[in-house]
Amino acid sequence: MESIAREVRLSGSGGQGLILAGIILAEAAIHDGLNTVQTQSYGPEARGGASKAEVIISSGDIDYPNVAEPEVMLAMTQEACDKYVGTLSNKGILIVDSTFVTEIPDTTATVYSLPITKIAKEELGRTLVANIVALGAVTGLTNVVTHQAIVDAVLARVPKGTEELNEKALSLGYEYANNASREFAKGKMLQAN
Amino acid sequence: MFAQIEEYFRLEKMPHIWCPGCGHGIVLGAMARAIKQLGYDQDKTVVVSGIGCSARASGYLDFNTLHTTHGRALAFATGIKLADPELNIFVVMGDGDCTAIGGNHFIHAARRNIDLNAVVFNNNIYGMTGGQYSPTTPQNKRATTAPYRTIERNFDLAELAKSAGATFVGRGTAYHAKMLTDLIVNGAKNKGFSVVEAISQCPTSYGRRNKMGDPVDMIKWQKEQAVNIKAAGNMTQEQLGDKFLIGVLHQDEAPEYTETYQEIIDRAQGTVKK
Amino acid sequence: MTEVKDFGRLMQGNEACAEGALAAGTKFFAGYPITPSTEIAEILAEKLPQVGGKFIQMEDEIGGMAAVIGASLTGLKSITATSGPGFSLKQENLGFAVMAEVPCVVVNVQRGGPSTGVPTSPAQGDVMQARWGTHGDHPIIALTPVSVKETYELTIKAFNLSEKFRTPVILLMDEVIGHMRERVQLPKQGEFEVVERKKPQVGPEQYYPYRDDGTGVPPMASFGEGYRHHVTGLVHDETGFPSNKPEMVKKVLDRLHKKISDHLDEIIMAEETNLEDAEVMIFAYGSVARSAKKAVNILRKNGVKAGLFRPITIWPFPSTKLQEHFNRIKKVVVPEMNMGQLVGEVERAAAGKSIVTPLNRYDGELITPVEIVEKVQEVL
Amino acid sequence: MSNTLLQLGPSEIKIKKHWCKACGICIALCPKDVLEADDKGKAVAVAPEKCTRCGMCEMHCPDFAISVEVER
Amino acid sequence: MFAQIEEYFRLEKMPHIWCPGCGHGIVLGAMARAIKQLGYDQDKTVVVSGIGCSARASGYLDFNTLHTTHGRALAFATGIKLADPELNIFVVMGDGDCTAIGGNHFIHAARRNIDLNAVVFNNNIYGMTGGQYSPTTPQNKRATTAPYRTIERNFDLAELAKSAGATFVGRGTAYHAKMLTDLIVNGAKNKGFSVVEAISQCPTSYGRRNKMGDPVDMIKWQKEQAVNIKAAGNMTQEQLGDKFLIGVLHQDEAPEYTETYQEIIDRAQGTVKK
Amino acid sequence: MTEVKDFGRLMQGNEACAEGALAAGTKFFAGYPITPSTEIAEILAEKLPQVGGKFIQMEDEIGGMAAVIGASLTGLKSITATSGPGFSLKQENLGFAVMAEVPCVVVNVQRGGPSTGVPTSPAQGDVMQARWGTHGDHPIIALTPVSVKETYELTIKAFNLSEKFRTPVILLMDEVIGHMRERVQLPKQGEFEVVERKKPQVGPEQYYPYRDDGTGVPPMASFGEGYRHHVTGLVHDETGFPSNKPEMVKKVLDRLHKKISDHLDEIIMAEETNLEDAEVMIFAYGSVARSAKKAVNILRKNGVKAGLFRPITIWPFPSTKLQEHFNRIKKVVVPEMNMGQLVGEVERAAAGKSIVTPLNRYDGELITPVEIVEKVQEVL
Amino acid sequence: MSNTLLQLGPSEIKIKKHWCKACGICIALCPKDVLEADDKGKAVAVAPEKCTRCGMCEMHCPDFAISVEVER
Amino acid sequence: MESIAREVRLSGSGGQGLILAGIILAEAAIHDGLNTVQTQSYGPEARGGASKAEVIISSGDIDYPNVAEPEVMLAMTQEACDKYVGTLSNKGILIVDSTFVTEIPDTTATVYSLPITKIAKEELGRTLVANIVALGAVTGLTNVVTHQAIVDAVLARVPKGTEELNEKALSLGYEYANNASREFAKGKMLQAN
C-alpha cells in the first residue's frame, strides 16, 4: 500500500514537553486508524539546547522512520527554529511560538507566529501546558489528525484531574490557529504577539 | 572573583551543559578554588574523570584532563600516578561512577594509599542516564528503576573509604562550598589517598522525582541536614536524627604507595640492600 | 501504551522488548543502566514485581550478567539489557552461560562506538562482537529486529530459542529501533509460541546434566528441585564435572556447536522481498532494512529489479539461504551502519560468485533510502 | 579577606547573562537581597550598593555566571 | 566422625587435589559440619564458588553447586537468592577471588544485606596461580609478583565487610576449626549478609616462600597469632601486637534484601498499598 | 637464563616476551595474574624496578588495562598480559585505547576456552576476539609469534607499531609458545629498531592532539609536559573534545582506520616457505605453524609440493599477500587450534578461487605434523 | 559430647591411607600422641588406647583421611 | 639442516624437581652447541599427580615442539611410569626410580631400575637432589649430552653453596648408571634396589 506520508517536526528545548506532544500526536493518528512512527532527538542536547520530536503519519506502511523534509514544523525556541528550519519543506508550514521566537528565519514556507507559551501562561495560568496549546495549533492548522482524535489522545495521556485544563489548552491552540489560518487566508502573515 | 580561577577553565567550552541549578557546577568551582589555593602548576596537574554528568568536569578544566570509561577513573589515575609521581592528580567521579561500577577501584586505591585526590560528586542518583538509583540513594526514594521506592541501603562512602584504608576522608556539600574548598585543599595536602565526598544536587533526575523542590530548596536542604563534625560531639543522637556529618571525617598516617614503590626501585637497583 | 480501539497502540522499541520479555514469561531482570537501553530496565523494574518477578539493578554489567545466570539456574526465565560498553563487560560471563548451557536473553541496543563513542546515536557496530566477543570457540544466536512489533516478537523468540537450546541468545537491537515509537498490533497471549526448557524425565540418580539425550540439548534441572548437580565454566563431562581429557574437551565443544548447527532451520529466520526476479540484492538488517525496503520500492518504480534479503537471525549466519540466490543474483549491496561487518560474511558466502558492494555509514545517522538507491545504481 | 575590605572600592557584580541559567540560587542565598530575577529568571543586581562582597552568590553559582569584582 | 558428614561429599571426587597440608580442606570440613548442625536440606542448599584453589570446594560437596568465574561468585549467588529466596546459599571464595577481582560484588552484597553466607578461604595469597600477592597478603611478604616483598597494605576483610553493611562478620582459622564451624552456623542463622573469614594455610605458594615452615608450623602459627575477641578486651595493645582477632567481630540488625523485595512485590500487586 | 658461550641460552616464551618488552624500553606493567600468562608479570615484577620501571598488580584485569593506558599517557611504554577470561575483561578499555589513540601492548597467551575452559591447555580460540572483542568499529593490530625468539622480536615490534601508530597492539601468543623453552640467540640492543612515539614539534598553543599531520598519526604529548589537552573515549574532534557532529564522527573513525590501512606494508608480516612451486598451501600461525613446517618437510620428502604461508601479523589480515598465491595455488589447508576462525578470512580472500579446507583441533592438544600431512593428502 | 563419652566403647581410628597426604597435622595436634607417621609420612594410630576422642585429628585433617569412630 | 632429534621425557610427581631437571638437561644441550626445546605439563596434575618435563635435542631445527615417542624416559613415581610409558619408543630406554616404582610395566624398551631417591637420601642425606642424581643417570645411560655439558649446566643452575652437593649427586647418578650400563652389557637387567 503506497500512500503519502505526512511528516511533522515539533522542536524546542528540553523542558517544553515536546516529546510528550509528539507521542500524543502519534497516538491521535492511531485513533484515526492511521500508521505512525515517532522519533526524537536524544543526547546531551535533549537536556537544554535544541531538541525535537518528529512524527510521521501515513495510511500506508512507514519504512524509513526519520523525518527528512517535514511538511509541518513547530518551533518553540529561537535556537530550535534556527537549527531545524533548514530541512523544512519549501511548501511547508512553520508554526513558531512568538513568546520565544522573535526572528523568523528566511523560508519559503508559510509561517504562523502564535504566542503559544504566553497563551498558556496568561489564559491558563500554566506555562506547563504550552505543549498542549501547541498541539491544538498544529492540528488546527494542518489537520494531520482529526480534532476528535487529538482530543481523545490528549485526554488519554494527561494526568487525572488535569483533563479540563488540557482540553482547554488544546481548544485555545485550535482557536488561535483557526484565527491565524483565517487571517492567513486573507493574505497576510499573522503576528499575533 | 571568577577572574582568579578563570585561567583554570576552558572558557571556550562554557557555558557548561549541566542543567540549571545542578550542584556539579558549584562543586567544580570549589575544586578550582582549591587548586588555586594549592598553587599547583597547571601543567603538572591532571584531572581524571569517569563517565557521568559529574565526569564532564574534566572537559571544562584547563589541566591535563582524561575522561575515561564509566567507573574506571581511579584505575587510570593509578597508572598515571605510579608512572609519574610528580603529577598532582584529582579524580572526579559521580556516586554511581565511584561506588557502583567503580567500587572496587575505589577500595583498592584506598588500600594502596596512593596519592590521588578523589572528589566524589554525590547527587545520590545516576544523573546522566536519567535518574536510576545509585548505591548512595537513600532508602525509600523514587528513581526510574525504583518505581516502588528504593529498598537498598545506601553506602556510607566515608566509612567505606576509611575502612578500605583512605588516609583523608572529608565530606562537604554544594551549600558549604567554602568548606568544600578547604576539604579539597586539605585532602590534596595529605600524602596518600584522599576522598572528598561533595554532596551535590540533581534537580532534574533526583529532586523533581522526590519532591525536593527546586534547586534552591535542594541547596537549602543541604544547609539544614548537614552537621559540622565539630558540632556533632555536643549533639544527642536524637538531635542528629537523619542529618549527616560534614567536615574532616577521618585522617590517618600511612606510607604512600608511590613513595614506597620508590624504595623497591632503590632496593632493586642495589642502592639500598634488599 | 494506552489501548486504543482496534487500531493497536503506540509503543517504543525498548518497551516492546520489555513487553515481549514479559509475554515470554520472564521473571527476572538484572542489569545496569546505559543509554540507549535503559528503558528496558526501567519498564521491567515496574512490571516484573506486578507479576511476582524480580528486578535488580546490579553494581555493574558483569554482575548483571552473573545474576541473570544465577536466576536462570533456579528455573526463572531471565534477561539483561545493555549497550556497547556494557556488552563488552558482559562478555566473560556470556561465555560462561554458553559453556554451562544456561538459557538467558542478552539485549544489546547498539549505539555508536568504539569506546564511549557517541552514546545517543544509532549504529550497528557490535555485530561481529556479538559473534566473537567472548574468548574461546563458542556458538551464539543473535537476532536483529526491524520494527517495534518485531522487537516484541523476537524477544519472545529469543527466549524460546534460549530455553530450547539451553544457550544465551542475543537480541541485537539498534538505537533507532530501541527509541522509535510506532503503531503496533501485538498478538495476544496464546497467539504465539512460548517454549519452556526441557526438564529431566528421570530421577535424580539417573540424571546427567550434560548428557546428550539425542537432541543435543540435555534436560535441565533447576537448583532446589532435588537434582543436585555441578555447574562450571570449565570444560566438563556429561556429569558436569571438570575434565581436561582431550576427548572430553572435543566432545563437549562439538555438542555445544552441534546443538545449534543441527537446528539451523528452527533458528535461522530471514525475510525475502522481491528477490524472485531481482537482478540486484540489497542485504540489510535492523533499522537499515527499513531504508532498504523503501529503496527497493523506489528502485522498482524506476524499473530496477531490486530485492531485499533481510536476515532476522544474523548468527548463525544464514549462508545457505543466501547462497541459493547467488546462483542467479550477481550484484549485492550491503548497507550497514558500521564500517563493514556482516558484509564479510556475505562475501564469504558469495565465494566470488556475486559481486558484493558495501555501503557504510558510521557517523551516527541512519543510512537513507536515497543513499541505497544511489549505491545500487552505481553497481548496476 | 574581610580586613582588606575597607581598602576596597565599591563592588561590581558582573553577571554573564549568557551563562546564567536562571536557577535562582544566588538570589536565594544573597544575605543582602542584592539580587533579583529578571523576566527570564536570570539574576540581576538590583541593589549593588548593599553588597558586602560575602561571595555567597559567586561561590554558589553553578554556572560561573556571577562574579563579584572589586575595584581597587 | 566423618561418617556424619560423609553424605555431604561427592566421595567419587575424593581424595581432593589440594596440596598436602593445605588449610582449605580443614575449612571445607568446618563448613560441612556447620551445614550438618544447621540441618539444611541438601536439595535446598546451594554452594557457589569463584575460581581458585578454594573454589574447588564446590565440586567436592553434594549440594546444588555452581563454580563460577573468578571474582563473580557473589553476583551469581545474588541472582540465585533473589530468584529463589527459599534456598540456603553458601558462597566460597578465596581471598583474591573475594577481595581483589571480586571486591565490588563483596561490598555490594554486604550493602544489600542479602541473605548469603560468604565463607572466605583466606590464605593470604593467590594459591591456584602459584603465589602472587593478594589484597590480604600482609606487608613485607614475598610473593612471585613481589620479589622485593609486598609494599601494599592488606585489607582488613572484616572491617571492610562491616563498613559496607554486612550484618554478621566472623573470623576463624583452620586451627580453630571448631569455632569456625560455630561461626559458619551463626552466620547462616543471621538473616542477612554474613561473612566468615577463615584463615587458611597455603604451604605451597605462601608458606614455603615466606619461610613459615611446613603445614604443621603454619597451623601452629594460627593458634599463636589468633586472639579470641572475648579475651582481647583484657589485653593491652602491646600484648596484642600483630596478633589478629577471631570470633564474632560484628553483628547487627537490618532488613534483609529478598524479604524487602517481597514487600515491593506485594505493593506492586496491590496486596499492600504503595 | 644463564648466558652460555656463544650458543645462546634457554628461554621460555613468556620470558622472551618480558625480555622483549624490556628491550623495547617498556617501563610500566599493570595486570592481574592468570595462567598461562603469569610468568610475564612475574618476570617484569622483578626486572622493571631494576631499570627504574614500575610494576603493579591491579585488583583485576579491567584495572590493569586502565592503568596501562594511564601510564602511557605520561609517556611510558606500557604493557599488560593476560589470557582468555582476562582478555574478555580488558575489552572495554582496549576500545578506549583505540579511540583515544594511546599506545600500549596487550599480550594474550591463549588457553582453552570458552569461559574458564581448560586453563592449562593451548588453543588459538581468541583470534577473532582479538579483532572484534570490543564494541564498535575499530582497527586493531595483532601479531602471533611462532617461537621463543620471535616472541622476543615481536614484542619489540608490537611496541614499535604501537608507538608509531598510537594504537594498542595485541601480541597473541598461545600456551605452547608461552610455556615452551628453547634455545635462543637474541639480538643485542642496537641490533634492532626501537621506535619512540612522535612528539609535538610546535608549542602548546599550536598543538592539536588529534590533528592529522599528514601521516594519519597525530604527534602525542605526554601529561605533565606542558601540552595540556583533553583525552576521551567519546568521539572527538581534532582538539580532543567530544563532538557528535556526523561529519566529525566520520572523520575521526576514518582516520583511525586509515592510519592502519594506509600502512599495511609496515604492519603486515608473513613468512612464506616453499610456496614458489607449491601445489598446496598450508596456512598456519603460532605454534601450529611449527607443526605445519614439519608437515611441509614430510610432504616434500614424499614428493608433494607443499608450501607454508605463515601470517605473523594476523590483524590486519594479510589478504593481498595471500591472494597473490591464489592465482596459482588452488588448494589451501588451514590448520588451527580452534573450531575454525582465521580460515574464514582465508576463504574470503580466496573468493572461490581456491578450495580452502580447515583442519581443526580444539581438544587442548597441539595439532601434529602427521595430522596436517594427512589432511593435505586428503585434499589433493 | 563429653558426657556421653563414658557410655562409648573404645574408639577406632580409621585412616584412609589413600586419602592421607602425609601432612603431619593430625600427628602434631593429637594431644595424646596417639598418632605417628609411617615411612611415607602417612598417619598411623600407634596408641589408639590413649585416644580421648577429642576430635582434634579428624577436625584438622585437610584430607578427611582420619576419622575417629566410636563403637556403641 | 635435517637431523635426528633425540627426545627425552622426565616424569614423576609435582614436587620432585623434574622441571628443573628438564631445564638443566636442555641447557646442557646448549652447552654442547645443540638446539633444544623443553616443554612440560601444566595444570592441576602438575601439583600432585603425575607430571612430566620433556626435552628435545637436535643439531638441526626443532619445529614440532612436543615429544611424541621419546627415546628415553625417566619415571620417578609409579603413577607417572604407568601413565606415560605407553608412548615410549619400542627401542627406547626406561629408567625408573626403584624407590617408588615397584612394578615395571610391560614394555619392549630397555629398562634400568635405579634407587635414585634412596641414593640421594642415603648417600647424600638430601632427597631434594634426587633430580640431579637422576640427571646423572639419564645422561650417563644415554649420552644425549656430554658429561662436561651436564656438569656445567648443573653448576650454572643450582643455588650458590650447593655446588659440591649437586656435583656429587650428578656423579653418583652417573656412576650408578655406568654400573647398570655395564651390567646390562653383561646381558641381565639390573635391579639395584
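A, B, C, D, E, F, G and H label the chains in the order they appear, each numbered from 1.
As a convention for this text, a residue touches a chain if its C-beta (ideal position, glycine included) is under 8 Å from a C-beta of that chain, and two chains touch if they have at least 3 such contacts.
The shown structure was predicted, so the numbers you read here are calculated from the model rather than taken from an experiment.
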item: Steps in the shortest chain-to-chain touch route ending at chain H and beginning at chain C; value: 2
item: Result of counting contacting C-beta pairs for E-G and E-F, higher pair; value: E-G
item: Centroid-based (C-alpha) most distant chain relative to chain D; value: H
item: Whole-Å separation of chain centres (CA-atom averages), chain D against chain H; value: 87
item: Separation of mean Cα positions, chain E and chain D [Å, integer]; value: 57
item: Chain E-chain H separation of Cα centroids, rounded to whole Å; value: 43
item: For chain F paired with chain H, centre-to-centre distance based on mean C-alpha positions, whole Å; value: 37
item: Residues of chain H touching at least two other chains; value: 43-44, 48
item: Where chain F touches two or more other chains, by residue; value: 35, 46, 49, 59-60, 62, 85, 92, 96, 115-116, 119-121, 232-234, 244
item: Touching two or more other chains - residue numbers and ranges from chain G; value: 21
item: Residue ranges of chain B in contact with chain C within the complex; value: 51, 67, 69-71, 100-101, 103, 126, 129-130, 132-133, 135, 144-148
item: Residues of chain A that touch chain C when the two form their complex; value: 2, 23, 26-27, 29-31, 33-40, 42-44, 46, 62-66, 68, 156-157
item: Chain B contact footprint on chain C (complex, rising order); value: 32-35, 38, 41-42, 45-46, 49, 55, 57, 59-61, 85, 115-116
item: Chain B - residues contacting chain E, complex; value: 100-101, 103-104, 107-108, 111-113, 135, 148, 151-156, 159-160, 162-165, 254-255, 257, 260-261, 263-264, 267-268, 274
item: Chain F residues touching chain B - in the complex, by the definition given at the top; value: 27-28, 30, 46, 49-50, 52, 54, 56, 58-60, 62-63, 66-76, 78, 92-93, 96, 223-226, 228-234, 241-242
